[in-house]
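Okay, here's the structure, questions in a sec.
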């Protein structure tokens, strides 16, 4: 009885063990801590995006907007707090709240308008959003316009001289770790809940799902908002690391594509997929950059192509459907 | 789809337990990590404080500080002396310099140029100069580098790898302001000296970083020489200013705006354009009726070339056209031929405008490094092209290496703090020009921009008069004349 | 505002829009036929521009000649990419092909970088200017616009008046139905993707006719972005829609700019682009599948 | 004319057909009947090559066509009227028909075939310039059969031609099938849920369940052979 239950949750356990291992590596090998943080950052974003993209099969090319709004939320929060002499913890909390509000409300509007579209139409229609945001910020000169927001000095003021590297390295690193864990768990919970089955039904056949009584509009909308808000939180932590943000980079469409690639590499809609996808993506890029500086992207593109040809549904997805006959596998690999 | 094996409920006792365990591990681990890696009290403290300003007033503030720093000598608040460093018992067999540099991506071209310049300078130090003179020995330099793909993620990763895995002694910066911004906190965390040869934004140095030292002129002073040059030939000119809406060119434009205001000049048109512009015609139709005397453009490569093309097509003439970056490259003349005649480019350095040991001794400042001829020859060896013409980015990168070497020798130490202190006080001339920084912010205050102009198919130094090789042509031939084959002859 | 300026801006907008249109057509075609979102479209545009540059500098061949070279190269490249890679992915989820074309775009960009370096190249090719009141329009840009328009017309005639054209449309509407008609669907996919690639490379050449400068390996990315938006505006998969979408964008750029300039915005072009995207979002509210999609 | 031997196939890792044997004689109407999910459509799609067979052989006029791609089969003279009709909705009726005459063999006889079709289905002539997507269900089914006829098949597979169509129209379609066999010498393999209509027009009948052939026999005597548990499912 108990054994059966634990086996049902194997993928959660595998996931949590991976997180623990990454964290242990990070604390015992400080020289690799930035590399591992970046890995966690990719995992967190991939898990967050997976909730929407992986589960529903809807691709959002403008997804980077929510990341960008997260960046801006934190930057605004920190600079506001520093102007008004708030404390450092108030600044961070304010920044996170702003990120969530900005991303949540924009995602609400976009979800309301664009989620009526299907498939590629949705994917491409959403491109407009990130670009509109970018040009609005630049053209109307809101939030510092093209000058961006530079918060290094504000952080120095809020956290003090000694606290600066705490604020720009340890705090965001820990935050990204916690977010990676949290997004993973949320993804898992959604996957095994009614919401998750509904979303997967939408991915299989939206009209059929509707016929079977799934409130498709609501389900998609909820997944979209959750996903956007989690991404914005990752963005808000990332701001603390880069300390200077500019509109063209914050809303760069390449990031959307990068996120999609990571999710799809591992396998959309699977719990372990983003973990695998992010590891392959970030580690292969990192080590190719170390050993083949200047040629890394050429080699990377060929590797990517091979993976696509060998694992059409992503690595975890392909394993899962290859071993689908075995019930154990179906339970372990989610 | 198979029916659900697990119940629909999310919060079974098992999942709740797992979440709690996870969160406990996360928080305890996070606390533990932060307690372990929180830096102990920094080795040196600085006594200055940067007055705080909001985002909205940041611009104003920066310009004010820069000009204060530059025009009136700042109150000398030098860092307190670090602990005297005793010579280490065993010297390393080589001094390792690390660098994450964009060899690909949007900054790839310039990053590569700077990278080759740095390699040339290291070659000079190791082969001609014999290595770094430390405690009576000579120690060679070694460069460790990674390609950061012009990406902030990568630059952060690799900067840390350089410090922690490769254990470099000193860091050279990446190229472009956003990338330097991203790597600065990492260098600062490890108290690692970062020689900034590639981020021109003044703002980098106004964030309170202690370990960043700038080699070249900050962006806000890029075009001020151009205005001086313009005033020398034309009284009370009407100026049109358009600039790319990015960090660097915004600083450039801010400098122009402030300097003109100070001199009481008239800017008749002042607009930005977005970074990925594909057509300038709307701007040109607004500019054409103004009949201005001078056009000052804050641009990069593609946009600078596009603007020149469309100016020529529309035949909108100015007596004076100064443009950033694009015209400084030979590709510009290859693309436009005779149409490039007379276009002016502000530059940190050009072949033919170099400082020499004679100039140094005339100014009473110490000289260090290769002469221009030596440097160009080494650069050509590195890029394996006997006719290559190093751009100023290459020279700036090279200067960063030379300045660092001189500072190590003066400090007789490999301790970043000690070297940083020397860098704050050092006054030096290399082939790249003068070096002296504001000791507190690390911003460059002595290096001067020069102006180069395309004359008869060559880039000729025309300003400042001390190093000029030819007279400034003003007014330059009109587009129609240039199309007919007329060249800019002084 | 004087009437000459208005006429000039209108013509300029038409030329520019025509170029935006042709840039987007290839993307729309490939999506329409094979349901593939071709992320390597931008890289192909860049290769088209390099083709024009190489042949102009190396053999003094005018871009008009390079046009045909670009089409042939694109066609064969597209067909071979289809047989090598995409054929295995046709049945899979749309996203899988997205990944493949993304990898392809990186690969193409890297090959260009290794071959040409990252310099911003350019060449001078001028046919003189035509004067419209006080303003000038270059013949080469007018030519670019006209070639773009005639390409769209020829393509439309090909699709609607020839046997292979209707096979292409048939495969686009229902591949199984096409099999039943005895059409070798794989061959038609290869042809469609080849034409799409050819159009992308050709539009790269057309871009150099309008502006023969600033050619570097990352040239294509902004065009890819713009074509995405234009394609949605016109209706994904519709050739005429893509072209008309381009014209709308081109006109909007020259019409809105003076307005924002007059209102003293700090960067009028940014506001113009912002407005274009807002127009797109509003349009999607009214017609979710674009202007020209039934 | 067409013989299917020990055919197995399925989707992904799910097996649907478990060794199916079917023989279709020349100028006959052969029906395959069975409940929903018996694998009838999968069988037809495997024969056409839309689904890859896992094992077994398909012979057509004693040529092995197991691995022949669908468009080659069309050239050989096997064709299908598929489930869901698979018309080109944005093209006109005429364009749909002309596209049916894509391959060389049928292009030569294009005028004759058109005449035959307008003779069989006069309504299509009236609607010839209307987009196929705007036709009624029955008319679409007629167009689907007509388009397949345009390819000049020698054997025609029909997947539930009566689905979603008014009973009166079903009759006329079935009569057309009879005419095709008698006048045009076309062999027909029919998959149906509408048992009564199928039995009335077939020469030979197979009953299929869970991916296997249960019984076969002459149309007149088959009814008595059907196991009881299946009768309710197929509506007898």
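What to note about this one:
Letters A, B, C and D mark the chains in the order given here, with residues in each chain numbered from 1 onward.
Quick note on the criterion: contacts are C-beta pairs under 8 Å (C-beta built on N, C-alpha and C of every residue); 3 or more make two chains touch, one makes a residue touch a chain.
Keep in mind the model is a prediction, meaning the values are calculated, not measured.
Fewest steps needed to get from subunit B to subunit D, stepping only to touching chains, is 2.
Inter-chain contacts peak for the pair A-B.
Most remote from subunit C, judged by the distance between CA-atom centroids, is D. Each chain gets one centre point, the mean of its Cα atoms, and the points for subunit B and subunit C are 36 Å apart.
Chain geometry summary: the mean Cα position of subunit A and that of subunit C are 31 Å apart.
Put simply, the C-alpha centre of subunit A and that of subunit D have 49 angstrom between them. Shared contact sites, meaning residues of subunit A that touch two or more other chains, fall at 135, 138-139, 145-146, 297. Shared interface positions of subunit C, defined as residues touching 2 or more other chains, are 110, 266-270, 272-273. Of all residues in subunit D, none touches two or more other chains.
Here, these are the chain pairs in contact: A-B, A-C, A-D, B-C, C-D. Of all residues in subunit A, only 5-6, 8-9, 12-13, 16, 19-20, 23, 26-27, 30-35, 38, 41, 79, 82-83, 135, 138-139, 143-150, 152-154, 156-157, 161-162, 164-166, 168-171, 173-174, 177-178, 181, 185, 189, 192-194, 197, 200-201, 204, 241-244, 246, 248-249, 285-286, 289-290, 293-294, 296-297, 330-331 touch subunit B in the complex they form. Across the complex, subunit D is touched by residues 163, 166-167, 169-170, 173-174, 176-186, 294 of subunit C. Across the complex, subunit D meets subunit A through its residues 12-13.
The touching residues of subunit A, when paired with subunit C in their complex, are 57, 59, 61, 113-114, 116-117, 119-121, 123-125, 127-129, 131-132, 135-136, 138-141, 145-146, 253-254, 257, 260-261, 264-265, 268, 295, 297-298, 300-302, 304-305, 308-309, 312-313. Against subunit C, in their complex, subunit B makes its touches with residues 104-106, 108-109, 112, 245, 271-274, 276-279, 281-283, 285-286, 288, 301-303, 305-306, 308-310, 313-315, 326, 329, 331-332, 334-337, 339.
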